[in-house]
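After this come two complexes, each holding chain A, first together with chain B and then together with chain C.
Presenting the complex of A and B:
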């Protein structure tokens, strides 16, 4: 029984972190129909900056997200204005090409500046655990989960309770309608891309503590994040959270009760099964153009 | 839907320019060859053709191999070269691509007409590259490529310049366990391994050998390379409490396992990982220096080993690159030592004589003595290394040990 509770707890903690990492991806897709393949590279970029700050100054990696989040907001805003804005209105496949190229550039720059070596931040608590009875809750994962929950709550609040958020959601649901009532498509686009990139601030900080990384790690992360977002429904924040929880639980339960070799595969089997029944994903709304 | 735009004049002229430049380059290349061949045999340097993955997936180890070859060349040339001739390396980049490496070695042999060859990095690339060399009857000494498939083809000109292939790498650890009194041997063991050609065969072979010694297997799982979460495995291990955890760990999975074991509060009496712990500071930074104490691994080379030219190699590497030398560089250096020894013993650049000599003799290298079976598979043994007091010591085989003490059992996590 304790073994089972342990597996569930670990799965949910991991899922929380995955949810945070996937939230930026689903937000950007929801508003602009842009699949930001560079989101994984953003995470690795932040992880590298966080590691560097931690290594030089000893500043706690999760606290460092106070610095990296605004940094990524600015980085996202600039990227949108300089790069992404040029392909607005093109098909989503253009965005895949452009952002993939962007990811390769980030990887290359990191290779040249930081070197092709594994790094991982090791603050004092990185391998300690909270004990609840027989259950171990790794501190880094608990802190990561807490930070993720905080960011997701703020994101949810912004999207649902502020004018800016409503404008972003309006642009998601009906771009021409939103434009008619005075929502600037370019403005909300830049803002949504900046917010989506900013989530990589906390996500990357947590990544630097939980997982060893190097410049090419972004491939591994983007495939996982795309899986989560597709399962949850492209563009849906609750979908990303649910998809991430399913991935976390699938990984730990399969590794505990099935075989370790299947633990990453089972998640993709779940995706296939869900997509057969619900092609739009768990929380995905069918768009009018999909039905046509 | 969208019409193909007509070719713009600018683009057409760019194309013409490209063709012209390519033609010019080809002509220049043609023009150089006669002047090269005009030089007399004795003054002419010995040219060794090498293709290496300097870009792409294996760029990091490939660049280390390049450093190893270059340090060897500089050392040899400083002492007057080989057979009285200076050595020149012709190194080309294969971008970690199997097709490119075949084209590279074909060109090196047939067009550049190099005198000798040295191998590339990884089994993936050496597998097709060695076939090109074999077909052209050129000796192919390769520094990294110990997958069993390499040696199942009955090649006569192939030599793997490391002490052992993957399935034999664990032997030195098994021998250490055999040397322990019955009571101190592990009773139970767990074998998680990444599905990797250099990790899995090591762990599988160790499991078979230890089971024959009566060590009970309580866990055995293979996981794919993209596995990142090891806490559920650690949780299972914590409940089964094996005396020995032997992990086929490439790198990040090894760090992830140690971190997870500590988080779940389980410290085995013995911990063996295949290659992760050989990544010096990357490993100790990842798991925390104090947690490295007592971790075992096997390795082809050690910085402190008192083997021929090792100290000189280490000094030259440090001077040239201002960093601790990497195993991949040492392996390349050893491959070059092997070729050099054979050429000097034969006294001529005669591929068949070099091949026969290598099959019949043992070469002293900075990895220790190397000798080969008919199929090019090495007959030696790896070194058993252990982290002790924040440093790496060789603890086996006994005759090559740099430390007489072996930390066993491993202390708990710090």
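Presenting the complex of A and C:
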């Protein structure tokens, strides 16, 4: 029983981290109908920078997100202005191909600069755990979860309580309508892309502690994150959180009771099973597509 | 136009001839042969990818999975059965096709983005299975295949011809698909999936078939490739970089064209070889391919062949002779007597959030009539059309057509029963020619119809007749997007007529059409009506409605407020109220 509770607790902690990582993806899709395939590469990039900072200065990897978050905000903003904005208005598949190419470029650059070896930031508390009754919660996971929950709360606040957030949500629902009332689609796009990238600042820092990584890790991460948003329904933040929790649980339960090797596969099986029953995902809205 | 395609085929045949004799002329050069051979392999993959991602527009980022599936099928079966890998290579294609159908059946039922995401995920999932299902695949150790049975003096020449033959078959297969109604249906899906469904294209089935078709030859090639390598392992067989080269090749050459992916494959393969020789291997290849993909998307999004073709067309535009529009005919055909009820709406409602767009509407359309549906803007007319054709599901109520309840059927099923529609804002497939637009509809769900020839023979003849009927025959080879708005409306009508529908829903047929074309339009409607086609017309041009239609139904605020002969409806106080006055508006002081 303690075994089971332990697995559930771990699954939820991991789910929280996944939720944060997927939130940027779903936000960007919501506003621009762009699937940012480079989001996984953003995470690995941040993990690499975090590892480097930790290695050089000894700064705690999770605290390092204070540096990496604004860095990614700027990086996202620039990426939007220099790349994404150029293909606005062409077919959605072009944006997938563009961001996919961008991900490869990041991978290639990391390969050449940081080398092709597994890395992991291991701060002093890495091996320690909190004990609650019979179950033990690794400190790294708990801190990661806390940081993720904090960032998600801020994100929710920004989207729902500030003018900027309202502009972003307005542009999500009706770009031309939003433009008519003074919300610039290009401006909101750049902002949403920057915020979406900034979530990778914290997400990547957490990643560097919890998982070993190397430049090509981004494939694994992006397919995991994309799985989460498809499961939750593209563009929905509550959907991403729910999807992340479900998949975090599925993964830890398989790892506990099955084998570690198959746990990733269970992840994909769950996604296919959900799509079989609900093609638009758990929280996916059916939009009015009949406009004619 | 015709001669240009013929010229392309000639060039392709000449290239094929050179490639076929190359090993005979120059047999002792293994390196260029190997480069060409890998070029053939990539071309097979890019041409196959083009069927789902070029024709149908659903991009797959995990297509190299099928190569791996073919390799593993052959590697496993050849060892189990003790046969030569070449004999079981076709089974590699079968595995790939079966897996494609299974994946497609789950993710291709809806429109949109899930597909591309799942394709990446499935490629990685296949790798995980290959690593973990050790009993079957020997895990990360990989599988070693037997060495080729032929003498070493023949080097890889048999493989060279095997891949060349596969390439020829794949290109022929792709060309055949493009010529059938399946092909036009796929392009229609790429251009406007919702519209495709209302002209009888079973979009779900078409997409799944296209995905399966795009997998088969890659699977076979994977089997041969495994034999060529004599060793397969999970990382090599399910490599994402393989997918990248496929996408890059097809995109560079020209997505959606027949020869573009082949041209692109040879280019990408050459650059890749050059990178290996001069820039030091795999590490730099990721950066190189990624950068190339970004550059192609930004600066050459259409690909080489279409860009060259567009440049050529600009230099030598095809002239279209100007012909005076045909005069309106004198004789007005007698409308047939109204018959039984053909379309019946019973208490149909549809809400969007708090707004009830269609509110408990009951309406009968009798066989042989031209029934009008009028009402102020926002009264629910177009929504009603969407409920009838299946673009939107109704929240409540029943819709019956020709004695069958249809409100639960998918749009293409309703179309096959004889329901056709046009749109308020035309929705032609703008990248297709006018003729292709008219042949795109499918009148039934039979597989035979799907694989029948679209651009030649009976179908093309009928398309020509229908275009003549609406007076636009001379524009048959023009891009639909190049026509004026009024002409597009007429082409859309011809497109619907291809289905030989029993009931046609016309959404503002006169909107934006100039008076001379309008005369032509009413002429055509009367003519068709005399032949037994029933019409339900939404129109704001009231004189036209009163002249053409009988009876007239009036919608206001989602409710049906009047119905009857035009003269009677014109005098109806409720109708005048709806159009001219509204007590909810502030009074004018």
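Convention: the second predicted complex is superposed on the first by the 284 of 292 C-alpha atoms of A that agree within 3 Å, B and C clash if a C-alpha of one lies under 4 Å from a C-alpha of the other, contacts with A are read in each partner's own complex, and residues count from 1 in each chain.
By our rule, a residue touches a chain if its C-beta (ideal position, glycine included) is under 8 Å from a C-beta of that chain, and two chains touch if they have at least 3 such contacts.
Bear in mind that the values here come from a model prediction, so they are computed numbers and not experimental data.
> Counting only touches as set out at the top, which of chain B and chain C does A:190 meet: first, second, both, neither?
The answer is neither, since A:190 touches no partner chain.
> Between chain B (first) and chain C (second), which, if any, makes contact with A:220: first, second, both or neither?
Both partners.
> Return first, second, both or neither, reflecting whether A:35 touches chain B, chain C, both chains, or no partner chain.
In the superposition, A:35 contacts chain C only.
> Specify the partner with more touching residues on chain A, choosing between chain B and chain C.
Answer, by number of touched residues of chain A: C.
> What is the contact status of A:261 with respect to chain B (first) and chain C (second): first, second, both, or neither?
Both chain B and chain C are touched by A:261.
> Enumerate the residues of chain A that count as touching chain B in its complex and touching chain C in the other.
Comparing the two interfaces on chain A, one with chain B and one with chain C, the shared residues are 116, 220, 223, 259, 261, 264-265.
> Within the complex, which stretch of chain A touches chain C?
29, 35, 37, 83, 86-87, 90-94, 96-98, 100-109, 111-112, 116, 216, 219-220, 222-223, 226-227, 229-230, 234, 259, 261-262, 264-265, 268, 271-272, 275-276, 279-281, 288-290, 292
> Looking at the complex, which residues from chain C come into contact with chain A?
53, 57-59, 61, 106-107, 109-114, 116-118, 120-122, 124-125, 128-129, 131-132, 194, 240, 244, 247, 251, 283-284, 286-294, 297-298, 301, 352, 382-383, 386, 391-392, 423-425, 427, 507
> Please output the residues of chain B touching chain A within their complex, sorted ascending.
The touching residues are 59-60, 192, 195, 221-224, 226-229, 231-233, 235-236, 239, 251-252, 255-256, 259-260, 262-265, 279, 282, 285-288, 291, 413.
> With touch defined as at the start, can you tell me which chain A residues reach chain B in the complex?
3, 6-7, 10, 14, 116-120, 122, 126-129, 131, 136, 138, 141, 211-213, 220, 223, 251-253, 255-256, 259-261, 263-265
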